[in-house]
Amino acid sequence: MTVTYTSNVATCSGFGCFWKLLFRWKGSIYKLVWPELLAYSCLYYACNLAYRFALSEEQKRLFEKVSVYCQYFSDLIPLSFVLGFYVSIVVQRWWEQYMSLPWPDSLALFVSTSIHGLDERSRLMRRTVMRYVNLTEIITFIMISPGVKKRFPTLEHLVEAGILTSNEQKIFDDLNAKTSHSKYWMPLVWAGSIIARARKEGRIRDDFAVKTMLDEINRFRGLCGGLLSYDWISIPLVYTQVVTLAVYSFFIAAIMGRQFLDPAQKIPNHEINWLVDRNLQVSYLIV
Amino acid sequence: MTVTYTSNVATCSGFGCFWKLLFRWKGSIYKLVWPELLAYSCLYYACNLAYRFALSEEQKRLFEKVSVYCQYFSDLIPLSFVLGFYVSIVVQRWWEQYMSLPWPDSLALFVSTSIHGLDERSRLMRRTVMRYVNLTEIITFIMISPGVKKRFPTLEHLVEAGILTSNEQKIFDDLNAKTSHSKYWMPLVWAGSIIARARKEGRIRDDFAVKTMLDEINRFRGLCGGLLSYDWISIPLVYTQVVTLAVYSFFIAAIMGRQFLDPAQKIPNHEINWLVDRNLQVSYLIV
Amino acid sequence: MTVTYTSNVATCSGFGCFWKLLFRWKGSIYKLVWPELLAYSCLYYACNLAYRFALSEEQKRLFEKVSVYCQYFSDLIPLSFVLGFYVSIVVQRWWEQYMSLPWPDSLALFVSTSIHGLDERSRLMRRTVMRYVNLTEIITFIMISPGVKKRFPTLEHLVEAGILTSNEQKIFDDLNAKTSHSKYWMPLVWAGSIIARARKEGRIRDDFAVKTMLDEINRFRGLCGGLLSYDWISIPLVYTQVVTLAVYSFFIAAIMGRQFLDPAQKIPNHEINWLVDRNLQVSYLIV
Amino acid sequence: MTVTYTSNVATCSGFGCFWKLLFRWKGSIYKLVWPELLAYSCLYYACNLAYRFALSEEQKRLFEKVSVYCQYFSDLIPLSFVLGFYVSIVVQRWWEQYMSLPWPDSLALFVSTSIHGLDERSRLMRRTVMRYVNLTEIITFIMISPGVKKRFPTLEHLVEAGILTSNEQKIFDDLNAKTSHSKYWMPLVWAGSIIARARKEGRIRDDFAVKTMLDEINRFRGLCGGLLSYDWISIPLVYTQVVTLAVYSFFIAAIMGRQFLDPAQKIPNHEINWLVDRNLQVSYLIV
Amino acid sequence: MTVTYTSNVATCSGFGCFWKLLFRWKGSIYKLVWPELLAYSCLYYACNLAYRFALSEEQKRLFEKVSVYCQYFSDLIPLSFVLGFYVSIVVQRWWEQYMSLPWPDSLALFVSTSIHGLDERSRLMRRTVMRYVNLTEIITFIMISPGVKKRFPTLEHLVEAGILTSNEQKIFDDLNAKTSHSKYWMPLVWAGSIIARARKEGRIRDDFAVKTMLDEINRFRGLCGGLLSYDWISIPLVYTQVVTLAVYSFFIAAIMGRQFLDPAQKIPNHEINWLVDRNLQVSYLIV
């Protein structure tokens, strides 16, 4: 779930607006990465301390060579290229998914304006249409969100919550026996029938309203189907694996490669010292 | 609020069109960053002066080492990558939000063309529909903009401004007692009822006009809902924190790392001198 | 105004298609930047000649230090990052604005198909609807384009051009007295009334045609409003200032920093020579 | 086919969520590239071993020169620029194609709501419309997917599967004799006729439903045509060739250029040692 | 014209799928650039051979200085930035143009479903509507494609091909005498009239079908107008000139700058040797 923090920033001016954001825990970067950060720091400082206090001079030289090699290796990983690409896809999908969330508000607006009548049956019809639409949304969410699945693990829970009647549950059970495909659209078919019946009984004044509501129901179905698509069609595993491999191998290499070596041994162009050593020796020999 | 400056540029040609833009204060980059810029400059020159005049030679050497380390550290921060990504998201959201602003013009056009009649009741109906639409927009803005919130802190203020009647206010109060969810769509339901009544009384000639107006009202509601979404679903806190951390740590590192050291000590490949020192000594020793 | 050059390229193959484009003046990069280019070149070569012929040796050394410092400074400006971002926003807006231009063609097609009758009144109605639509477009253009504003500085000019009648001008004048908001949508309201009247008089056979035309008029209004938005909401001044500052400071720095110094003094890693000097001295002293 | 792995990640928190993804074979990066990876590794280590154990000192020097040249050459290939551009186009097309897949659900919803009647003929009509829509989809898939083509290599196979009747097959055969253009839209024409007949027989209550269904059938046709477009209009061969050339020449160069040479000979700025050698000799000679 | 090569890749797995694409000539990168590539190679190797065999030692030194200067110059051209930006715009426009191609299929579907009657006049009406739509498409293509222009250089050729009648040609000629603006939309007006007449004669059962077909005709017109826009509004000449200048100057500089100089003279940090020479001399002098 996203964490709203607009109010912290909108009314703030001058100095320090963004500092405040750094000290939030919920939804923060710290909460997300602390286990990895902790593990990385432990390994890094373990190596560091071993290098400074435990190793002999010769082992230090070996350590430095490995460190230089790791730094060379980690420079070859185009991390920002790979991450930039992946993150921009992830953010785009996240926002598109949010934008694909089906809201029943529009249909509610149309239903309240179009299905007339203050008698009990009219009221029931209006309520049942909206119940069906919400039912479809919940069934969709059960399929994609572990949290909603936990709240409504079976159809019985929906019956208990008053969102499904036991007759309707029986129809679902019959359908489940016939096919294992998703049946999230079923309540929308029922909602369509109710609207058709309401028109026949004269509770809807004209065909335009019927068409408007059916179009809206269809749009709702499309959005639910879209959400399922986003859930079903992940970012190709290939990309996720490439990114995971790149990030993990970068940080493993960085444990060694980013050690701040004894300055005298620290080698920016990493092998220059061997090179210069050799060159100087050779040249002095020539001299 | 954005500042319009097109007129400064559109009619200008040749030399110096853009120079003029640099000397504007309202909405300018200077106004936005001057506190941070001032703080940064003070710290930077404090360090600078201390380095040049206050420190002893040995302290200078230490200062230089810290500066080299800070520069090395700040080079590791992929600032342009992180900023580029963040800024492009922010700009995109800004423009999309502007494009999501609901304008009542279209509905006004339809209402004036479709609801006939020059008598008082017809006029009232036309005006009430438009009042409701504006009411929805204002309620939406109250929720997302501190400026509008300040202008209309309570429903009473809307009543005083003539945008809400006291009967309608009572309905809002009753609804507020029942649920705390946003009720910005309520006036649109009322607008829909008025249109339905106008059709029944023959003030609207055909069902097409009804459908067109209801569709437009629904589109209006969708835009208001979209604005609330943009307000509610900020850019994930994680990104904002990453960017804030990156920028602040970059500039803190830059206070030291971008010091223009005494040229003789300035070290582009920063540790080369230690390295070269050592190498030369070693090689001479070997020689 | 954009310059069409497709015909130069479309039928050309093999060698030299694009060379030809380099020798066009109208709408060319040369026409756009020649004042800046000239000023830059003059300053650059003035410095260059002064350096080569006028300065003493010591002044040359100072010049070189300043040049090295400028080059170092100009390397810190992330010009391609800032420019890339800005240019892509500008190009996108340019194309979206072109795509938002309202064309009356669609409405003309609908009007000619839907409003029947070969008598004078029918013809007049068809023509008046189209006149109103064009009037709205011209009023919109007057607000955003200095060129059109120059052609029609007042409403009288529109009357003279036969696009506005004097009665209509009077209505505009009355409205201007009441409110200073833009009134570009007024003629579209009139066009809607004419269509409603034509339907009442039986010149339009069915309600579908009325709805189609009103929808099209509304789309037209939306496009005009969109154009005004693009004009009113510029790219935030902050960005334009950042880009202008970056480009100007880059080129001012480049006047000195890109001087092709006497090779013997030219310093790729700019301070290396001081560094190497010192290191060698120190190391020899140690030896 | 994409592999769904959301369930692995959605319920996992803390440490090691993404590690698990690395050990999947189906749809993985390993499965995709192992032949290339194997070939590359063999060549790389063959060269490596030859260099370390088989070559004489002189051959080693030659090997090192070739390696340095290859590394220099491979650095000139802007691989991440070319790949980034290509991959982003491919991913975008992949997702757009998925989003263009035509789902018959919407039409099914409309058909079940709009075509009334519980008698056999009504049921048959509803089923036939849906059969035709599925038929169009299958014919489209046969043209773009080798897998579906293998399942239904001829029209007879469709007849056997009960998706096509033999009468309809005859019509297809007649059409095939007349033109070789794609005829995937034919069943949609038939579906349209059935809907028209159902309206005439009163099985559809109003014209709105007819329009809704015809619009949906047309949208379906548009999506099928879109899929064919994606299949027919590949990414221009030019780009694919550029990317293939860039990648292959990069990796061929990398076989030699990324050899980890004997450190003493490893040359970061690759020709520095020749340079430094020569410079030192020259300078000592001068001295 | 794009070249389809999907079939080469879709059924291929394992090793060497993409190798095959490299050996295609039609639509290939080789076909496109061979004249430029040939010219560049000739110049490059001419310089190369001259350098190796024809020049004296002193001329070689001069050649090397020029080469170093060219390489320095070509490194300043942000080629991948400029090209990346330009290519992404070009590819986007190419795909959007393809997506804007108007297909008459949808209208054909509507016409065949909506205009009833098996008599000759009904058939003629159906055929004429489709002929008009195709006529508009051909007139559009004549304006933007030299190939189609070559096939139908005058209206007579359209008459001969049976796409235009001589009466209709006369109307076009009259119109051409009156205005020189494009008249591609004329046949769509005629198609609209035929549909209106068919409705009046009862060949179309309801107004919905009329509206659907008119909307589709209007969409068709919009797409044709869009194609003309893409043709008329090229990418601004400024960008094309910048890219052409950048690419040509880069390659001209590369002729000299990418010469693989005699290793002993090859200078990675190009002036280092002058620098080091001087520094060493100076330092030894100091010593």
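A, B, C, D and E are the chain letters, set down in written order, and residue numbers restart from 1 in every chain.
The rule is short, and it goes like this: a contact is a pair of C-beta atoms (placed from the backbone, for glycine too) under 8 Å apart; a residue touches a chain by one contact, two chains touch by 3 or more.
Keep in mind it's a predicted model, so treat the numbers as computed, not measured.
**Q** Using the touch definition up top, find the fewest steps from subunit C to subunit E.
**A** 1
**Q** Kindly list the shared contact partners of subunit B and subunit C, in label order.
**A** Touching subunit B and subunit C alike: no chains returned.
**Q** For subunit D versus subunit E, which are copies of one sequence, does the interface use mostly the same residue numbers on each side, meaning over half shared, or is it different?
**A** Subunit D vs subunit E: different; shared/all numbers falls short of half.
**Q** How many degrees of rotation bring the Cα atoms of subunit A onto the matching Cα atoms of subunit E, given to the nearest 5?
**A** Roughly 145 degrees of rotation.
**Q** Taking the mean of the CA coordinates per chain, how far is subunit A from subunit B in Å?
**A** Centre-to-centre distance between subunit A and subunit B: 23 Å.
**Q** Using mean C-alpha positions as chain centres, tell me how far subunit A is from subunit C in Å, no decimals.
**A** Centres of subunit A and subunit C (C-alpha means) sit 38 Å apart.
**Q** If you look at subunit B, which of its residues touch at least two other chains?
**A** In subunit B, 207-208, 211, 269, 272, 276, 280 touch at least two other chains.
**Q** Which word fits the touch map of the chains here: line, ring, star, complete or other?
**A** If you draw each chain as a dot and join those that touch, you get a single closed ring.
**Q** Write down the ring's chain sequence, where subunit A leads and subunit D follows directly.
**A** A, D, E, C, B
**Q** State the interface residues of subunit E toward subunit D in the complex, per the touch definition above.
**A** Residues 2-6, 10-11, 14-15, 18-19, 21-22, 24, 27-30, 32, 80, 84, 87-88, 91, 94, 98-99, 103, 105-106, 109-110, 112-113, 116, 205-209, 211-212, 260, 263-264, 266-269, 272-273, 276-277, 280-281, 284 of subunit E touch subunit D in their complex.
**Q** Which residues of subunit A touch subunit D once you look at their complex with the stated criterion?
**A** Residue list for subunit A touching subunit D: 35-36, 39, 65, 69, 78, 81, 85, 89, 145-146, 185, 188-189, 192-193, 195-196, 199, 207-208, 210-211, 214-215, 217-218, 221-222, 225, 229, 231-234, 236-242, 244-245, 248, 269-272, 274-276, 278-280, 282-283, 286-287.
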